[in-house]
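Letters A, B, C and D mark the chains in the order given here, with residues in each chain numbered from 1 onward.
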Amino acid sequence: MSQNNGFDPKIIAYVCNWCTYLGADLAGTNRLEYPASVRIIRLPCTGRIDFHLIVKAFESGADAVLVSGCHPGDCHYTAGNFHARRRWTLFRALLDVLGIEMDRIHFTWISAAEGRKWQEVVTEITEKTKALGPYRAYRRICEGGA
Amino acid sequence: MEILPTSGKALDAEVERAVAACYQCGKCSAGCPMAEAMDLLPNRLLRLVQLGRIDKAAAAEAPWLCVSCQTCTTRCPQSVDCAAVLDALRQIAVGRGLVPRRQQRTLLFQQAFLESIRRYGRVHEVELIGRFKTRALLGDLNVPLFFKDALLAPRLYRRGKLHLTGETVRDRDLVARIFARCRAEPETT
Amino acid sequence: MARIGVFVCWCGENIARHVDVEAVASGAATLPGVRTALSYKYMCSEPGQALIRRKIAEEGLDAVVVSACSPHMHLRTFRRAAEGAGVNPYRVEMANIREHCSWVHHDRGEATAKAADLVRMAVAKARLDRPLEPICVPVARRVMVVGGGVAGIQAALDVADAGHQVVLLEREPSIGGKMAGLSETFPTLDCSQCILTPRMVEAAQHPNITLHTYSEVEAVEGFVGNFRVTVRKRARYIDVDRCTGCGQCWNSCPSKKNPSEFDYRLGQRTAIYIPFPQAVPARPVIDKDACIKLTKGKCGLCAKRCEAQAVKFDDEDRLVVEEVGAVVVATGYRLYDPRTPAAADGISGYGEYGYGKYADVIDSLQFERLASASGPTAGEIRRPSDGAVPKSIVFVSCVGSRDPAKGLSYCSKVCCMYNAKHAMLYRHKVHDGAAHVFYMDVRAGGKNYDEFVRRAIEQDGARYHRGRVSKITEREGKLIVRGVDTLAGEAITVEADMVVLAAAIRPAEGVERLAQKLGVGYDAFGFLSESHPKLRPVETNAAGVFVCGACQGPKDIPESVAQASAAAAKVLALFSRDELSRDPEIASVNELTCAACFACERSCPYGAVERAELRNGRGEFLKRTARINPGLCMGCGTCVAVCPSKSVDLDGYSETQVYAMLKSLT
Amino acid sequence: MEIGYYPGCALHGSSNDYETSVRACLSALDVGLKELDDWLCCGASAAHSLNHKLSVALPARNLALAERDGMAELLAPCPMCSGALLRAKAALHGDARLREEMGEIIELPVAGSAEVLNLVQIFERAGIERIRERAVRTLEDYRPACYYGCLLTRPPQTTRFDDCEQPRSMESLLSALGAEPVDWAFRTECCGAGMTVAREETVLELAHRILSDAAARGANCLVVACPMCHVNLDMKQADVARRFAVNHQMIVYYLSDLVGLALGLSPEALGVDRHFVVR
């Protein structure tokens, strides 16, 4: 199935309860198959996501992290997704400094109506992460005490 | 829209994609200054392309009547680049020998135009018109007689507007190389 | 240590086909804190729920994990079941092994492994769930209806008739909205004012309805059941209680040449005016920019004539606070302006149609006024430029609508019907007139609607051309309309005396600001978002705020009225209870560690963060701290993410719970 | 102020009266023109009709020359040329692969960074107020019908100039100089452009409509900013007269002619005497 001799990536997905979680539900209702690589952590809103949650995901052995919420203007809580977006630009630099590989962190917007997009995003991220291989380097970052 | 002069089916696919958004409101045809003279209105050309009948669209006279005024493209509610689609239909027609006989003269003129650029880097008006008219006459196409332009010549000349030779760029070989790389050798008839 | 029960559902074959449910259950049994784990064919069925209740009793469980479908499907079901057996409902978790697993992964090994992971995560979370109590708040049984058009009037009357207090707010000097200015209504051709004005009077005289006209929402505080809405009552310069509506003032006003808003600039009004004769309230208002007294300090004729001494030139805006339990938004629509300059908020105009340049190119609401018996021409179709009766009119559909290049992709839904009506009315009034309609599709879904359009074509001789118009120019008093009939395959030029543009329906000006104050979502065009397009069509995501009419999307009068009654029914359901409860999964502040930076306050979309002081037992000041108002917090968690000292947390989604879920996967 | 100048074939051919006018007028405004060295023809409609790649490559070469010679701005008084340059710019912008491909074809690296200006924009750049101050005579006798034609404003996504349906820029400039532009219907209609030779009958028909409307609105002259418009409306006016039996005797000015006249230049210095229809 993959060129990486059976490496099955582990991906943590932080998704909001009102858009992306329902989008993933819709993918199920429509029986849209995709790789079994993602473990969803349901949060009320992507506005809840901070720097620590991303780092902790890698600490727990994730090979990639996906953050997905409502489209701009569609936030259940008016502007949480916007806050998440703005904060992301801030802590992206910090993650970069820490040496975290930025192509292992993915941001998308998936609405409750976009089951197919959920399928596509998970498939694509899984393939990309497979190509990158296991995130052994992160463990080295931790051990190196960076 | 990006239409590359690639061969046959690839260009077909490009054009089909370009018209996918057309919902047949006809605003292109409504605003077209040449609509009255066209055998198939622009919206019908686009419809034929949508139906995969590109050859029929390309064989029409209408694409050759287009004056590239961009009105259709400007006003299209669906942002279809209609004028570019007609450009592509002309290219397809040339490639497949579908140019209607009555429209050959437009093709001849444009080919003569490109040939002038290829030779000199710039257009030589006198030579261009001469070449076009001669070819058109040889091809027995319905073109106003040469002497009509010959009558105009002295009037242009009097106004210092007639340049028998025309300008030429320094690096003519470069121009030839550019043409070669664009694979656009004008066919000589 | 928690005492957790794990219940794995087969969902018939839905889960069991691709997930080894027995293996998942037996794996779960070994997890720390799990006392019992078992599987059953249909957990949501009554026997399934009974099983859960029995196990809770037998094993003394204090938390439950149901491994089944999406929590959006059955979390409520299982919370109720567990609560029935004495478990705190907020200690019930679900692992979604159907939508997120068995339905999308068909490799049995992979699906089973993922299901086991999902259960592990849910158990890890359940271990740390705190028992919570639902938040209860009393309900103020009083509703504010924003917008006094036909939808707002209907909603207000429905609630008022049911015995509850209503505050009806209208921005214009009179209620009635767009409908008050319409001529006749499709498909029955009954007179719009004749059916609406009695309802307007009824609303104004209803003992349960308080009317604020010439007023807007200034600010909104509070939450469902307890809103505090500040209303700005704009200066009217008239004491409405003294005024008798006798008309002496407007009949004596020398400033007569002001464009009438009600007639869409086709008519004129005085500076002190009532918008139309049947206005409710029948009290005038002074246009302060047109009044000679207010602009130049001279005149004051109206005040001299007023026997009731009701004219107040020193009037000012007033703010009043209304406490209500629910809000119905019925702010309606405005027409798209074809003059819109290029790319104003992504929307551009139709320079090619010359609206605003040629006096006889008008929009459809202007035509309504021309066709209305109470309009500036007393119902005669006369064109604005010279008052001549047009012998040929072109009606252009979809001006703005269905035109993504101009920025509006949607169909405005009502134009096909009123175009047919306009063509019909015109032909009834001008027998030898030619009515041309350019259309892309005729959308006439509705009871007796298509028949109506056919009547316009077959009986009244409207000439329908399938195609858009590209350009309108003017030559010697004629409008040259360049269009196409794609069915005939010909470009067509019509020489018209007048052109009517069926301009798109857009939400009323400023509705976004109102939506933000209320916490209601809206789409890219500014139409307010309902909670669910099918099952919650008048609710919004802001609890206690409902929508009806064209503010939610283009719709005609019958639909607006139906939706208004639906919104009223939802309000009444809300008012049928003494108090409201809602999920308590909200934020809380550790006030001892809080650094009082108030980053949370700035990020909170609900204004739920308050500044407080910590004092010791003797009342001495210790420190400042942020504090969450549980009545306002909606539980989005944005404050948790922004807190630099990690002093805010969110029940149900706490930091430690997320970490525990992550850890359960290692 | 000195800016790059791309004359194009027409201004060096039968429309050299336009070049005379542009140079004289801009010189009077102290705007120096530095002609692009060894420029190529833009390919005009022949290239985009018959060979899309060539229709990008030819203007790309000219953009590359401008970049090489450090010209940040390039005046192209012919809208066919400026349109071709702008189209190529748009295609190159944000498409690294195309830039690379074109770089190889035209043997010069190209980014498409030079700003392409039409004649109206140069006047706006020079400042309408400044032009008004320098004017030595008023244009009050002129009731021009300002004719924008097609390519000056269309397609707006590419040209990004004025309002493509109701343009005002020429009227604004000429009103400032005392002229009284008429309001008319054919400001943005097409005259047939480069079809003059290939489809003469089409051009005559379109030119006839334009001239007739201008005359009917009381215009005493037409103003254009395009060599092809000038050919079709001026040179072909005699043919229009013959075909439709109506002799408009409508003088067709280049925009720079009228500005130049206001600045005190003689008709001869502006090449106005070389038009076909003269006063």
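Note that in this section a residue touches a chain if its C-beta (ideal position, glycine included) is under 8 Å from a C-beta of that chain, and two chains touch if they have at least 3 such contacts.
Remember, it's a predicted structure, so these values are computed and weren't measured experimentally.
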A-C or B-D - the one linked by more C-beta pairs in contact: B-D
Rounded Å distance, chain B centre to chain C centre (Cα mean): 52
Centroid distance [mean C-alpha coordinates] between chain D and chain B, Å: 21
Mean-CA-position distance for chain C and chain A (Å): 32
In chain D, residues with contacts to at least two other chains: 156, 164
Multi-chain contact sites of chain C, meaning residues that touch two or more partners: 352
Touching two or more other chains - residue numbers and ranges from chain B: 71
Those chain pairs that satisfy the touch definition: A-C, B-C, B-D, C-D
Chain B to chain D touching residues, read off their complex: 2-5, 33-34, 37, 65, 67-71, 73-74, 81, 83-84, 87-88, 90-91, 94, 105-107, 109-111, 113-114, 116-117, 121-123, 125, 129, 132, 144, 152, 155-156, 159-163, 166-167, 169-171, 174-175, 177-179, 181-184, 186
Of all residues in chain C, those that touch chain B in their complex: 352, 398, 402-406, 440, 466-471, 482-486, 489-492
Chain C to chain D touching residues, read off their complex: 341-342, 350-352, 354, 357, 473-476, 480
Residues of chain D defined as touching chain C within the complex: 156, 163-166, 185-186, 213, 216
Chain D residues touching chain B - in the complex, by the definition given at the top: 9, 12-17, 38-41, 43-54, 57-58, 61, 91, 104-107, 149-151, 154-156, 164, 189-190, 192-195, 197-200, 202, 206, 235, 274-276
